[in-house]
Amino acid sequence: MAMTIAGMRAMAKEKAAFAELHAQVEQCAKKEGSNGKPFWELKLRDATDTLTLRVWSDSPNVPVCESLTEVDCVAVEGEFFQNGQYGVDARRWELRRLFPDEREALFAGSEETRIKVDHDYSYIESTVGKITDPRLLALAQRFLETAGSRFKRAAAARVNHHARRGGLVQHTAQMMRSAEAVSGVYVTLNRDLLVAGVLFHDCGKLWETCPPEEGFAIRSDIRGELMGHINIGVEVINTLWRELDRDAWKDLQPPSDEVRLHLIHLVLAHHGALEFGSPIVPKTPEAIALHYIDNLDARLEMIFQGYEKGVETQPGIFDYVRPLGANPIRPLPVVGA
Amino acid sequence: MAMTIAGMRAMAKEKAAFAELHAQVEQCAKKEGSNGKPFWELKLRDATDTLTLRVWSDSPNVPVCESLTEVDCVAVEGEFFQNGQYGVDARRWELRRLFPDEREALFAGSEETRIKVDHDYSYIESTVGKITDPRLLALAQRFLETAGSRFKRAAAARVNHHARRGGLVQHTAQMMRSAEAVSGVYVTLNRDLLVAGVLFHDCGKLWETCPPEEGFAIRSDIRGELMGHINIGVEVINTLWRELDRDAWKDLQPPSDEVRLHLIHLVLAHHGALEFGSPIVPKTPEAIALHYIDNLDARLEMIFQGYEKGVETQPGIFDYVRPLGANPIRPLPVVGA
Amino acid sequence: MAMTIAGMRAMAKEKAAFAELHAQVEQCAKKEGSNGKPFWELKLRDATDTLTLRVWSDSPNVPVCESLTEVDCVAVEGEFFQNGQYGVDARRWELRRLFPDEREALFAGSEETRIKVDHDYSYIESTVGKITDPRLLALAQRFLETAGSRFKRAAAARVNHHARRGGLVQHTAQMMRSAEAVSGVYVTLNRDLLVAGVLFHDCGKLWETCPPEEGFAIRSDIRGELMGHINIGVEVINTLWRELDRDAWKDLQPPSDEVRLHLIHLVLAHHGALEFGSPIVPKTPEAIALHYIDNLDARLEMIFQGYEKGVETQPGIFDYVRPLGANPIRPLPVVGA
Amino acid sequence: MAMTIAGMRAMAKEKAAFAELHAQVEQCAKKEGSNGKPFWELKLRDATDTLTLRVWSDSPNVPVCESLTEVDCVAVEGEFFQNGQYGVDARRWELRRLFPDEREALFAGSEETRIKVDHDYSYIESTVGKITDPRLLALAQRFLETAGSRFKRAAAARVNHHARRGGLVQHTAQMMRSAEAVSGVYVTLNRDLLVAGVLFHDCGKLWETCPPEEGFAIRSDIRGELMGHINIGVEVINTLWRELDRDAWKDLQPPSDEVRLHLIHLVLAHHGALEFGSPIVPKTPEAIALHYIDNLDARLEMIFQGYEKGVETQPGIFDYVRPLGANPIRPLPVVGA
Amino acid sequence: MAMTIAGMRAMAKEKAAFAELHAQVEQCAKKEGSNGKPFWELKLRDATDTLTLRVWSDSPNVPVCESLTEVDCVAVEGEFFQNGQYGVDARRWELRRLFPDEREALFAGSEETRIKVDHDYSYIESTVGKITDPRLLALAQRFLETAGSRFKRAAAARVNHHARRGGLVQHTAQMMRSAEAVSGVYVTLNRDLLVAGVLFHDCGKLWETCPPEEGFAIRSDIRGELMGHINIGVEVINTLWRELDRDAWKDLQPPSDEVRLHLIHLVLAHHGALEFGSPIVPKTPEAIALHYIDNLDARLEMIFQGYEKGVETQPGIFDYVRPLGANPIRPLPVVGA
Amino acid sequence: MAMTIAGMRAMAKEKAAFAELHAQVEQCAKKEGSNGKPFWELKLRDATDTLTLRVWSDSPNVPVCESLTEVDCVAVEGEFFQNGQYGVDARRWELRRLFPDEREALFAGSEETRIKVDHDYSYIESTVGKITDPRLLALAQRFLETAGSRFKRAAAARVNHHARRGGLVQHTAQMMRSAEAVSGVYVTLNRDLLVAGVLFHDCGKLWETCPPEEGFAIRSDIRGELMGHINIGVEVINTLWRELDRDAWKDLQPPSDEVRLHLIHLVLAHHGALEFGSPIVPKTPEAIALHYIDNLDARLEMIFQGYEKGVETQPGIFDYVRPLGANPIRPLPVVGA
């Protein structure tokens, strides 16, 4: 089976080896070398990383390059090696377009990732299904119905944590598990509101840090840039809200608009402080709980990634992780483990 | 004619004098003194300040106090004096309810203020009328039609600058004059967008720092507390937007939703930085211009108020103004003036 | 039964009433009035608040005052009332020393509080008992054995949250519940280490914010001032550690000193950032988790206290809580509740 | 006509092409290659950018290199191309010294720039001429007489905004237009003082960020480093002041020294806050106005440069501009434009 | 002999007692009481503190009050006592004008203070006399000649440290001793420059925090407010510099203007960072040394004052000192002491 | 004699030259080039700097490379030159293992450094010997006895100041000289405590920034990462303390534990503020003095290094030194020097 770019990079750090990569073309640009001869700069991307290769004018890969566009997907088969300080390069390699089924598999992701995302998504659906407030229930279910497939491929961030296709579902599911656990400890928390807050807190990212259906790159658009994901989130809630049958709720207590305001407050305040981009600070117990549940998951994911991706440069000390402001230290093993 | 509370306070600092005040009852609470006898604590408010008086059980004003509620308006006629460190007090005073015409005059404000607010409001209306983009024109005019009277009585802030009935109209008009002036200097600025941005930048304050039609106190409500005026402003724009006939614009360039996004960006970004409550920083020339035009007017108003209300404690040096972080210094007079 | 000072204050805000207070003398100072006559200023404190009363030279309470010292406990029976802006005062009151059983009851606290603290303490003991690492188990149990009674009366803070006798047990128990709940969500966390970290994170406060056995005031001492509670906590761990039979552990993995270092790291890093007094930032998953579990409990306790003690000044809006930087907003009730 | 370095770079990004550059030699150093052979590293600079070329020992350009010094100006004619990641390089190129008229034209700048700077400078002169206070008028005119030519070639900054020969005149002129516009809105502002403040606010930069008469590089000197441009500015004002005939003003109101202090205050306070390098915060209306007028022009210039020089990496989104802390978003076009 | 206000306050905290105070009138204002009768509010100030007394209309002190102005000095003889929460008050007191010799003694200060200031001043003079650079020597001596008496009565600050008549001489002398001591450790420091820097670093305060010859209050003026003491200091240096015979130095190395720039740099940079009001950070060894020598003396003086003036609220713990951000802890005594 | 790497780099900047370097192997890794051929990447380190060389497969140095490990020391003799932008490289060079005496000399350091460190260390010993408090004396002498050789090779920091073998002794000695000098100025300072505080303030760095006996690299370990040097320092003091014969001191005043607390306070507070890593701020005169004495030495060392290692890019202006936030300016020479 094809290797990922990240997997290949890890392998090539150790020693040069043959491998087959499947990836999407991000750019294939014809350029001119210092000797005046043309070459092609081919930038590839998969779900894990990017890779740039050069195709010289005497290469048998030239004809393929000449017809590539940014939606094409290709296989690269060859020997990959660490080229001194210049990073990973390839030699004796061949380029071809992917077959339709290979292409489909490329975007579907690994079996393991798909199972994990499906599992987390099911957990979100079932937890949402237990919401007792009919307003929050209807709103949450409508969100899953209308935006579910986009949700499944969104990332939780551009960098730092859960910055990968499907990362937002994983982040949301883990936070929902924490929300349920914490609600068992602080029993006066409004569990319906907190669960709905977890579901919607980053929903603006479906439009801000979401790759296309057939693609891996997370692009910005002017809506995301002009409004930010917090305010897109508020707009998502308000749009869904207006589509619901609100007349049915007119006798409910608390009043429906108060429910809406509290939910919007959770979205607006979840960064916890003005300087982190929340235009308002948390003013309800659920807003406070959501903020810490979010930070807890983001920070733990960062340190777990730090162990997985970072190098152990000294015994027990891993590469510096900028947003943690620290070098992760190897966790204390369980006794006797 | 009746004196304002602020006017009376200024007068009493100099010497005790008779005056008649017209004001609304903010609170009239029956309390018990250390000798076990009851007294009434009467808190009054007009457009300029508040005043607390005590009515002892042997006072002829007791019967009036017994029937007062928080919507009533009263006249206080008596001798006002500076009571040592305890602030201003009254003696030999009489309390009565206002007649209907007096009450109407109380809320209408002084002739001078009314003329000033009307003048500024007319300027806003006529400047809005010159907007050439039909989307921004329709939105702005609908805002003035539906929220004009609320706009006229809103304050620009709870404290610091323009913190008075009608202050928001004055602040907005002055900023609009600056916007027009600055657009003459930076000719590539989109004047339509900038004018609309000025109009809407604080529109959330119509619901956050707005006294009731018949009242002076600026009360908080949970919408303002949970969302903040910036996000209420976005909601106001979106609500008005949906009420407009958007089909008529479908062929216009730039697309209508881009117009809406740019306007919302101006509202979101007008505080200029995250730590000042904007969830996003200015990213367009108009957003930058709006931020500085807003700050310029707010700061100049603060220093002008500092000269007017503060005491000149040393020659040329006025009382410290906290949000300026400085003691205003007497402005340099024009030569020969 | 005797009323608490806090309970009396709440009652007197509504109307003057008779009550009997039991409290400890904090100060009983003879002073001289402006008329040259002596009076006694009597400052009382119980578990809930303080109260200052004056005893004039013609009062029947003078003889009692003359013999009071700072360890005495007294009953005050009389009529308490809100004295205008001067706060609560008493009239027609009598002062007497408490009987031994009354004194004992005063320091033991209310039945409700005792039950709550005992319940929480038992939960801590049983959770500690489930620690599987023999080093952490021995250390934690020795701590409870040697410092348990001091632990039960310590406060979690001087102000802000859990600032009362027994507050630290409640804070620790609630955090331990969260730690167990969160460990169910993040299954790779070292539960033994996290539970021990919760137990010891504030243990320095047993010497920094702890009232005496028979007293309510939390006094500073130079050890607390020169070292701070975080470093006292490290010293507590190291002192207990040296008293344990460490030879028995010499073949265990991970090595015992690594266990000690990880636990000390949790104590040092639990404030989360240098500017909040941690000399080192969290660098392990358990240190990250502990920091957020601590903050979550502290902040929720602050907002719950804000609802309980603060006034609802506008519908749904409570008095400003400084460490939250916000006015708490009335929580959204559960639907139909 | 000769191309600028910036123009050539933009061209070469698209495709390799022949061009002729005129530039000044910044450095021409003989170095030794890894093969032991010597080569010359030739660093050139014009008003727009810098360019480094290498001359190998077998090149016909060696003789010219051997005699070049840092004041010489040269023409480079050849084919320029984008050399992969190494930036722009040249091939088949010839080097020669400029003829005297070419040299003169090089320093005089482009026709377009010269016209623009002359136009702005005239505007400054005529606005200064309208100052009515004889002290400020004399001071401002003396400044223009004695330092005018230096003023015309100064930059407003080393980086960020108006960082080019003539940039300070453009920045000052635009601010003066804003000052006049804003004075029409806030009619109590002292227009004489504000105009003089604009003229002098950055005058220290004539000695801090000013290229030599025949040169492009902006060098530091120890006066600028030890004092900073704000304090050099104060020294400039004080030096000019002492040269004026102050006796003639001795009966004027306000007193001359007060005029001087207010002007110095504008210079000292124009950064608006201590952390931005002003030793004192704005304390007069004119100081407040000057600060915002300055920031408005600097920020707008930055975003306009961001559109001009930055790449539109996503539709409507330009390269990040560090001092703005943002990616500029394409401005909203005027409707129908 | 007459007591100081500070001495009287300390005494009255313990018990009521008779004393005679000599002080200057800061304000003597006729006001009206709640009963309509006039009284005089008399605010007095000496070198240590202020005191406010009231003179009721039936007092024998009324005639004296009626003729007092703000330059007068008076004696108050009577019984001073702590009036509950209202602070110190007097009873049975008499007011009279000081005799000329008493007045002279009042401004001359206590014998102890005069001796201390004279001693420190002599030390400054002799240390200045050892400067070897003729430029710095001439400048420093001219400063002492022309501004010496003003220097002797200036304070080092309005609050916090050395905030008393003569405080600047003490602060400067102590810093000069440190500068000499530190120059012995870091032998490459330019001792001449460092000594001159110490002398001039706060010289702007001679005009910013300096009481009048016959007075105690430290008043602001617009020069201090518009420029700040750092920039007044630069102006002082430049003014003195121009008065010197600079022709004599034209062949000296380093050049005289470089000497002047380095000295000005020391003044400008001595706060150490922009946010503390230095427009430039330290860039020379002497500037770094001066900054720390200044802070060391200021902070030590604050903590010494904290021990002297603060109350020891718990054993070894003194009242909070705001600028230290700490409660001073009783210093460790020397062993056996 | 062999040259240091730093010395060679400085030489090669000027021109290519032959030299012999002695250094330790940090890494010798076999890698594969883009042509598929192997090469060795040899990273060397001495007390001054690091150097990376490549050994191609056809080099006579290959056999040596094949057997090198990270504890070996080698001589490199050849021609060193500046290879364009790639830094310094070597040609025609030979590699050999060091002889035992060469190896010993390599770790012993230069004669000059050894003399300097020995001189400073002796000064520390003799100053410590003058401590009069027997507790502080015993503690300090025990520290020197047990940790002296480690102390001599520790660095004061990983970067920024005194970041070299032996740097901590130099930093400590210089601070001790300042402490003695400053104690002469502020005579109430407890000199014993201050001297002991200087000795111990960075003692945790013996385990945090200390190279091995035979090595130059400063490695992290998990103790340093989990505790930080401040808390290791406290642990060092407490460990030594327990080893002393404390019974002998039981009648001394002040009590021994108070002495220990004050010393620990000096270590904890020496960074001066929470945000710089001190968990507690200075609260005693000695803690304040220690903080400034430490900063003074660190900053002066940084600027002196800036002159020594930085390039004078403009007349009198040196390369930017990041922790100073400034370009050092050439110090003002002594007059006539």
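The first chain written gets the first letter, and so on, giving A, B, C, D, E and F; residue counts start at 1 in each chain.
One rule holds for everything that comes next: contacts are C-beta pairs under 8 Å (C-beta built on N, C-alpha and C of every residue); 3 or more make two chains touch, one makes a residue touch a chain.
Small disclaimer: the values here were computed from a predicted structure and weren't measured.
S.K.: Counting C-beta pairs in contact, which chain pair has more, B-C or C-F?
M.R.: C-F
S.K.: Name the chain whose C-alpha centroid is farthest from the C-alpha centroid of chain B.
M.R.: The chain farthest from chain B, judged by C-alpha centres, is F.
S.K.: Call it same or different for chain A and chain D: same when shared residue numbers make up over half of all numbers used at their interface.
M.R.: Homomeric contact, different residues on each side for the most part.
S.K.: With centres defined by CA atoms only, which chain is the most remote from chain C?
M.R.: Computed centres place D farthest from chain C.
S.K.: I'd like the Å distance between the centres of chain D and chain F, where a centre is the mean of that chain's Cα atoms.
M.R.: For chain D versus chain F, the centre distance works out to 44 Å.
S.K.: Using the touch definition from the top, which residues of chain B touch two or more other chains?
M.R.: Chain B, residues with two or more chain partners: 222, 225-226, 258, 262, 265, 283-284, 327, 329.
S.K.: What's the complete list of touching chain pairs for this entry?
M.R.: Here the touching pairs of chains are A-B, A-C, A-D, A-F, B-C, B-D, B-E, C-E, C-F, D-E, D-F, E-F.
S.K.: Which stretch or stretches of chain C touch chain B in the complex?
M.R.: Within the complex, chain C touches chain B at residues 15-16, 81-84, 89, 91, 314-317, 327, 329-330.
S.K.: Per the contact definition, I'd like the list of chain B residues that touch chain D in the complex.
M.R.: Touching chain D from chain B are residues 132-135, 174, 177-178, 181-182, 184-186, 188, 190, 192-193, 252-254, 258-259, 262, 265, 281-286, 288-289, 292-293, 295-296, 299-300, 303-304, 324-329, 331-337.
S.K.: Under the stated contact criterion, what part of chain C meets chain E in this complex?
M.R.: 31-34, 36, 219-222, 225-226
S.K.: Using the touch definition from the top, list the residues of chain C that touch chain F in their complex.
M.R.: 222-223, 225-228, 230-231, 234-235, 238, 258, 261-262, 264-265, 268, 274-280, 283-284
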